[in-house]
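Look at the two complexes coming up: chain A is in both, with chain B in one and chain C in the other.
Let's turn to the complex of A and B:
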């Protein structure tokens, strides 16, 4: 009982509910469709994202040369260093203040809500996917899971410092239900679904 | 980030105590979303400051007596128990039931003042006795019409900031008995 931490924890221990029942086993929620790719593309488009099917990194480069972004482009993917500069080492996040397009890699996508799981390892600098005006995520087309239940199961035991699901561009409608894209993050989000 | 430190600061603020109150433990689920306040007919009229506590609204009225039963004994009574808060609560706290529980607990602990206790006793006997209820209603309507000074004075807290309503000639029950076919 020396410090306040011990006092708080002792009190919490003493006041534990006596009538607690074990949590029920809900099992895994089954997928609603086997057409994961169709569902993912439909949902991501519906929530304001763009989807591009590509066969390889060269196709991404071609696409970006045909639809150029007017400004600085950074990427964490070495295969795209020919078109975008590498994201600088995590020292000063302000160095990314004027980034127009950030291209990062995604771990896997979730078909039911169009979300893509990305971790620090995918973009080096935590601020990278949020500070950019436009965001592009490269996702292997076979890395899709049906729903969030299965997504979280997939994350069990994974070691990552910071990870986040990104679903489409930044959206907010909390002021008078008026939808604003890009108030807090990227104004557009493109998923490059790449064949293996 | 590799090599970085993470510090967690524990803030008790009465939570460990509320954990021990079986009837109110559920209130610890609160995520402070404010949905109960937005929907509360009392909060929407009275505003946050009337709760004289950092957390206002229906959830505040449950959390505050845990911190100080004497200081916040009035809060659980300032509710119509309409249940709108419980209905919108995203984490399904039984807010209006806990408000009702707190009223009983505060009364048991002797934290309710004598006037309120007596008023509730009178109200209970009037409302549970239809004959008395009707004749009291009749007397009230008559008094409002004929000797308004009896209620329109500073002894009546309801008169302080507002005009008393115009008393109708008959109650709904009287009208209904006359008009039902």
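Let's turn to the complex of A and C:
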């Protein structure tokens, strides 16, 4: 196998172009809007997500009591342990198979595409945001950036282990282009946008 | 491995049914229009983004060997194991050896055009490994014992009534029911059981970042993540062309990728 490695690299080195091919300057892509919150809410709704403005964690609890999910609720947010059980420490991920709702913290959102960046530090088990029937992400309302270039600037040099941009609920249109929400992952995705 | 039929012969067969050809054309055109609309939303940046993406790939061409070794050393430091395959046969043998080492006879797999080109599924089946494709479109063509017809929409050539019939036969859905919602739900239940019981998951790779040793697997369904995070072993198969130098280059590619493919602003899940 190492033999293949060295042969491959030798062939690539012998054949790759030798002239200078500089990387582009990505600073040429500025923010195109200052209305980050409006754009984020519009796009996330457009791609099938739900948006709830809340003033604090108590308001999330009230919302979930008024709109209950029929089944097991888990969260990684201590302020919500009154309504959902803590996501168990990394053990067997299969233990999350019957989760109805997972509530996790998001770090920041991207206005241009409605995606929210979440990391395993914020959801404990890697499978948690995927295996749940429904997903809710709590995002501080001032943690929005305009587009993916600014998003990667924010991630520069961060050691997050495993992270994922999530943009709305799991979906498919593989059957005659008919959009169906809830392919394998969460059937609904709610962003709780929380005031600071 | 069965011989691949010739394209002229297959097109002749396909073109024989003209209404179906029109239907297929209209479907593809509709997707193309979605792409154009999505490109328009970034009209100030779209062409510059394409040019930047092209320049990044050009830079990769000129520095490929260094980026590959940089990715390898960073991925090793992240705890991954890196294999090199000179051709499809070696690639397939390596995948089989990983499965054998894990003592696995079954695995789940998300979409990968590389493994499609390597005819990995056929090779594994010949060696007694049960492979379940978990992307809905891929699962449909797998049940039908066909290759995918499109890299983004594998079963775009199938009508929903035909999928209803296929699912009735394989998954026990009601006969004559062609409701996409019902059929997708049936596949969700069927595949959830596979995700929960397989110890090995294989995925493709959309982008591999040389400077960090990370890679990204974009899906809308969440099937790659369901497979990987419930398995003990994750096998990721990538061609060299997936290498990009810097994490920030993803800012360019992730603005282009889903808009170009399906007209979405971004795919639902981009984990790394």
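Throughout what follows, the second predicted complex is superposed on the first by the 190 of 196 C-alpha atoms of A that agree within 3 Å, B and C clash if a C-alpha of one lies under 4 Å from a C-alpha of the other, contacts with A are read in each partner's own complex, and residues count from 1 in each chain.
In the analysis below, a contact is a pair of C-beta atoms (placed from the backbone, for glycine too) under 8 Å apart; a residue touches a chain by one contact, two chains touch by 3 or more.
Note that this is a predicted model, so its numbers are computed, not measured.
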Side-by-side fit of chain B and chain C on chain A, or clash: clash
Which of chain B and chain C A:90 touches, first, second, both or neither: first
First (chain B), second (chain C), both or neither touched by A:12: both
Contacts of A:196 with chain B and chain C, given as first, second, both or neither: neither
If touched residues of chain A are counted for chain B and for chain C, the larger one: C
First, second, both or neither for A:163, with chain B first and chain C second: second
Chain B versus chain C as contact partner of A:34, first or second or both or neither: neither
Chain A residues contacted in one complex by chain B, in the other by chain C: 4-5, 8-9, 12, 16-17, 19, 126, 162
Residues of chain A defined as touching chain C within the complex: 1-2, 4-5, 7-9, 12-13, 16-24, 26, 28-29, 32, 43, 47, 93-94, 97, 110, 112-115, 125-127, 130-131, 147-149, 151-153, 155-156, 162-178, 180, 182-186
Complex contact set, residues of chain A against chain B: 4-5, 8-9, 11-12, 14-17, 19, 90, 120, 126, 161-162
Of all residues in chain B, those that touch chain A in their complex: 1-2, 10, 12, 16-17, 19-20, 22, 25
Chain C residues touching chain A - in the complex, by the definition given at the top: 27, 30-31, 44-45, 48-49, 51-52, 55-56, 58-59, 61-65, 68-69, 83-86, 90, 94, 134-137, 140, 153-156, 158-160, 163, 180-181, 183-185, 187-188, 191-192, 195-196, 220-223, 225-226, 228-230, 240, 245-252, 254-255, 262, 264-272
